[in-house]
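Paired with chain B in one complex and with chain C in the other, chain A is shared by the two complexes that follow.
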Partner chain A sequence: MTTKLRFDPVLLLAVPAAIYMVIVFAIPVLWLVARGFMDADGFTLSNYIKFLSEPFNWVVIGNTLRVAFWTTVVCLALGYPTAVALARSKGAVQVAMLIAIILPLSVGVVVKTFAWQIVLRRDGIVAALLVATGVWDEPKLLLFTEHGLVMGAANVFLPFMILPIYSVLKLADPNLQDAAATLGAPPVFRFFNVALPLAMPGIIGGVSIVFSLATSMYVIPSLLIGDRFQTLATLTGRAFLLMRNEALGATTATILLFLAVAIVACSALLSRGKGDSR
Partner chain B sequence: MTLTERSANIAVWVIAAATVVFLLTPLVVAVVVSFGSSNLFTLPPPGWSMRWYQRLMNVRGLSSSLLVSVQIAAVATFVSMLIGGMAATALARGRFAGREAIAAFLTSPLMLPGLVLGIAFLQAFRFAGLRDVWLSLALAHVVITIPYIARTLYSALTLFDFSLIDAARTLGCSAPQAVTRVLIPNLAPAFLTSGIFAFLASMDNYAVSIFFTNAWTKTLPIQMLNLVEEQPDPTIAAISSLLIGLVLLLLLLCERMVGLRKIAEM
Partner chain C sequence: MTEPTRLALRRRSFLAGSLAGAGILAAPAIVRAQPKEMVVGGASSQQTWTNEIMIPAFEKKYNIKVVYEGTRSLVNLEKMQKNKGSQYLSLVQMDDPVMITAVAEGLLTPLTKVVPNAASLKPGVTHMEGMWVNYLQPWVGIAYNTNRMAAPTSWAEAYDPKYKGRVILPGLQNTEGVMNLFLASFLKTGKPMAEAQKDMDAAFAKLKEMKPNLLMAYTQEGQAYNLLEQGEAFMVYGSISTLALARKARGAPIELAAPKEGTFSMPSGVALVKDGPMPEMAAAYIDLMLSPEIQAQLAAATYALPTNGKVPAPAGLDKLVIHPIDWANVSANRASWVTRWDKEMSL
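Presenting the complex of A and B:
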């Protein structure tokens, strides 16, 4: 096709939003990044060298990635089967499941985290459940522990895992599974060679969203584990709101931003690889 | 069905049921605590009472923060609908290079950590000499709501058959009539759901708002966060329950208008 791109007047309709987002969103974000690499003399890496040479900050980075990793693992372990069940369900069961997934998603995170403070207490539901099933001998406090934090975070982010996997499963042809079965593929082989590859774009999407959200959560760790456990996001918040150390906060914010961009880039790369191989 | 398949099938449904219970736990806990008589969040509550709801009006700063949140969410949603809807139309109708790039740009705030956006806004607004809390919140919340509007309206407009408008014109409608009688009724569900989700995203936002609130102007999530940190009592559960009820109503409205399945698949 040799159609030259001529000016299309309908394009003008996009101008207000584009200008708004450039001025209010893109320039401030780029400026934040740029300022982290500048001092009076020009380009510098000193902010980052200073940050990374502090052993405590490596603990912070470790905390952030570890909690995000386990949150993602829990979300995937619960989210994949739930998405499968949601894709297979019909009628009232499906509507009920969708409400159970979308309602918590639409209720603010402060509300849910506040409720988790109650759930994770020594006399809370989870402790009672673990004692009743014999996992624990006596009730213990889960609030202010990493286990409690992962549980609360997984609860808040689960819908972001279920929905992308569900929408991919919905598009997959159910006959493929039957075809593989008819051709004699055993169930385990079918799971790894048919079902899982079909769901993979949704899994990549869900994992990257949940991991990204979990690295940058602020309210959940502040309320569920407290000040002695710092992550990049809580440190960023504290640097600005309590310590008035904006240089530190800008540095940690930029690291968070790079993490988020890296996650998006990785997931785009992975799903493109999937698309080519098919 | 082999044994492996049958047990895998059972496992899927058991995990799904457990997940549904897990997802609803915090909401049920908030509602139960709000109707309990104990101020220690004892579960199950020793008795039932409405006193936390009666106390709601007396909690300092609560109604004013609710008002701020609703105002900001309404203004941000309206502005996003206007400029985001125009942009979505241009992207769905126009034939020009970089359409996908512009669409990705308009939804990109969703991919970035909320705190990072908040700090970027804080530094930029301060540099620009903008001191007004209300205006800062409104400007920032438009950036938060635009992705929801642009994404949903763009996909809805891409699916809309625009030859229907030409048909209406041929049958004697004027151009504005064709828009109001054909385009808007067809796209109303998409406008409604994108508006509801944008409004809720703004109402729930804390990561950006936390940098712009002061002692006099706070949004509801920030006021609630302060209450949870300073003097947690079941009044917070009462506000939470009211919010849960409101969201449930809005979702049922979406279910009637469009069906939640379509929303989940968007």
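Presenting the complex of A and C:
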């Protein structure tokens, strides 16, 4: 059997999007990456050496990854069960659930973060509830803390976790679980050996999307934690908008891009390896 | 079946292409056809009062059309840099630090000799031998929630432990945030304001003492006022009169205190573009802007202090001292201050 490369005209359908993305994304990103490796004399690594030799910048990288990690964890913990319930539901219930998940996407990030401000403030609902139930002795500050940021970010990104998992689970045969049960698999075994592997492509998709969004978020931290907590994204924004320091901005942006791509690629590779051995 | 479709597409794209081409050709023609049109470069935040007060008054007096290009100071600078030799802006309203750069690059021409009203300006608002003047002084005070606290009288008050978690600072990305460094240095050392601006070690040492009292540091002022008006924050430490008093006028339960140590004002410069079109008209525009009648109107509309000495300050503010800021020092060091802020003021 010869594998002859035959041109499929249907592929042409992707040409407009490809041209569009090359102009608005690929060329600017390449320029940006190249800019980080340039100074007045040409190629250089000095921008990176300068940035990475400053201990505080490692704190910034740590901030970025830690917040993105916990945001992804919260989204997964809340999103996976929701996606299972959504895939299992039918009719009006499913429509209502889908609306409840998708409708918040139409509310802008700024509006959402302002709503969080009201919910999380000292005389807000959450603090009142915690005091009333005796968890707290007195109202404390939830706003403008890392916990508040993770809660807010997870709220914004949750649909991006639920929807990919749901779309995968929807296609899986619901009888597989029952089949495993009739063959004597206990619930925990069924979860790890049937349910989870079936959902894995969706989980990888959701984790990749949420993690990438969370490493690069800019508006959410600037509103939910403010100017006293820097991430790579806020440093990049400031380098370009305030300091007009293209070299610094290109460096931080490239590090951010590298970290996001590397972690997403690693998680995909890891799970694929696992899938093959199955 | 496919042929006519393709043909139609080609016709349509041809039509679109030629329309776009005609647009490009037509634009300069329109500009050329209107010789009596003067272009003012400014900030978009100044658009409202320019449209409502300045332009109607000027057009009525001189029968000439004014086009206001509202953008940002640095964009105006770029416009002048790119059009050196064939400037199309006649005058510019820019922030003082950007004016310094423009002077260094030879983009401005002195205005004091051709603008009669510049002679009645208050001391301290004419810069670099008349290269630019401040047309208003939006002053910076402490905005506080009137339901939560009494009027603060001193900049030192925000350090009081009773305001734990209740104070909002502007970040250093905002110009009013930079002024907090000078105030902190002044409070720490007691040096005169001009010297205090140079002592950043004292500034950061003092500002760090405020950390327990900080609710947050903002980059978006709308959020800060939101928290203040809800009562979550008691004060915004470093609040611009133009913003705070406009919100108060709309019914927010806030007031802006003018501390006894005096304060600073936000940059608000106007300058003549060197070799810009219609130099006489441009000078006349600035002269009108600095005239007592227009100054009174602008000050009322923007809640800023007038810079013309003949116009009285708003009630209760006649004794408010506005300390000058060494903007060259700010421009040269701001990036390093921002980096230091990140480290020393972080959560």
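For this structure, a couple of remarks:
The definition used in the following text is that the second predicted complex is superposed on the first by the 238 of 278 C-alpha atoms of A that agree within 3 Å, B and C clash if a C-alpha of one lies under 4 Å from a C-alpha of the other, contacts with A are read in each partner's own complex, and residues count from 1 in each chain.
As a convention for this text, a residue touches a chain if its C-beta (ideal position, glycine included) is under 8 Å from a C-beta of that chain, and two chains touch if they have at least 3 such contacts.
Remember, it's a predicted structure, so these values are computed and weren't measured experimentally.
Superimposing the complexes on chain A yields a three-chain arrangement in which chain B and chain C clash. Touch criterion met: A:Leu143 reaches chain C, while chain B stays clear of it. By the touch criterion defined above, A:Gln117 reaches both chain B and chain C. In the superposition on chain A, A:Leu223 makes contact with both chain B and chain C. Which of chain B and chain C touches more residues of chain A: that partner is B.
When the shared chain is aligned, no partner comes close enough to touch A:Ala179: not chain B, not chain C.
Residue contacts after overlaying the shared chain place A:Ala34 against neither chain B nor chain C.
For chain C, the stretch among 149-157, 185-193 or 221-229 that collides with chain B in the superposed model is 221-229. Shared interface residues of chain A (contacting chain B in one complex, chain C in the other): 114, 117-118, 121, 123, 223.
For chain A in complex with chain C, the touching residues are 56, 59-60, 114, 117-118, 121-123, 141, 143-146, 222-223, 225-230, 238, 242-245.
Interface residues of chain A facing chain B in the complex, by the touch rule stated above, are 5, 8, 10-14, 16-18, 20-21, 24-29, 31-32, 35, 78-79, 81-82, 84-86, 88, 94-104, 106-119, 121, 123-125, 155, 158-159, 162-163, 166-167, 170, 186-188, 191, 212, 215-216, 218-219, 223, 233, 236-237, 240-241, 246, 249-250, 253-254, 256-257, 260, 264.
The residues of chain C lying in touch with chain A in their complex are 74, 165, 171-173, 214-220, 223, 226-227, 230-232, 335, 338-339, 341-343, 345-347. On chain B, the positions that touch chain A within their shared complex are 2, 4-5, 8, 11-13, 15-16, 18-20, 22-27, 29-30, 33, 41-43, 83-84, 86-87, 89-91, 93-97, 102, 105-106, 109, 111-117, 119-124, 139-140, 142-143, 146, 150, 197, 200, 203-204, 206-207, 210-211, 221, 224-225, 228-229, 232, 236-237, 240, 243-244, 247-248, 250-251, 255, 260-261, 263-266.
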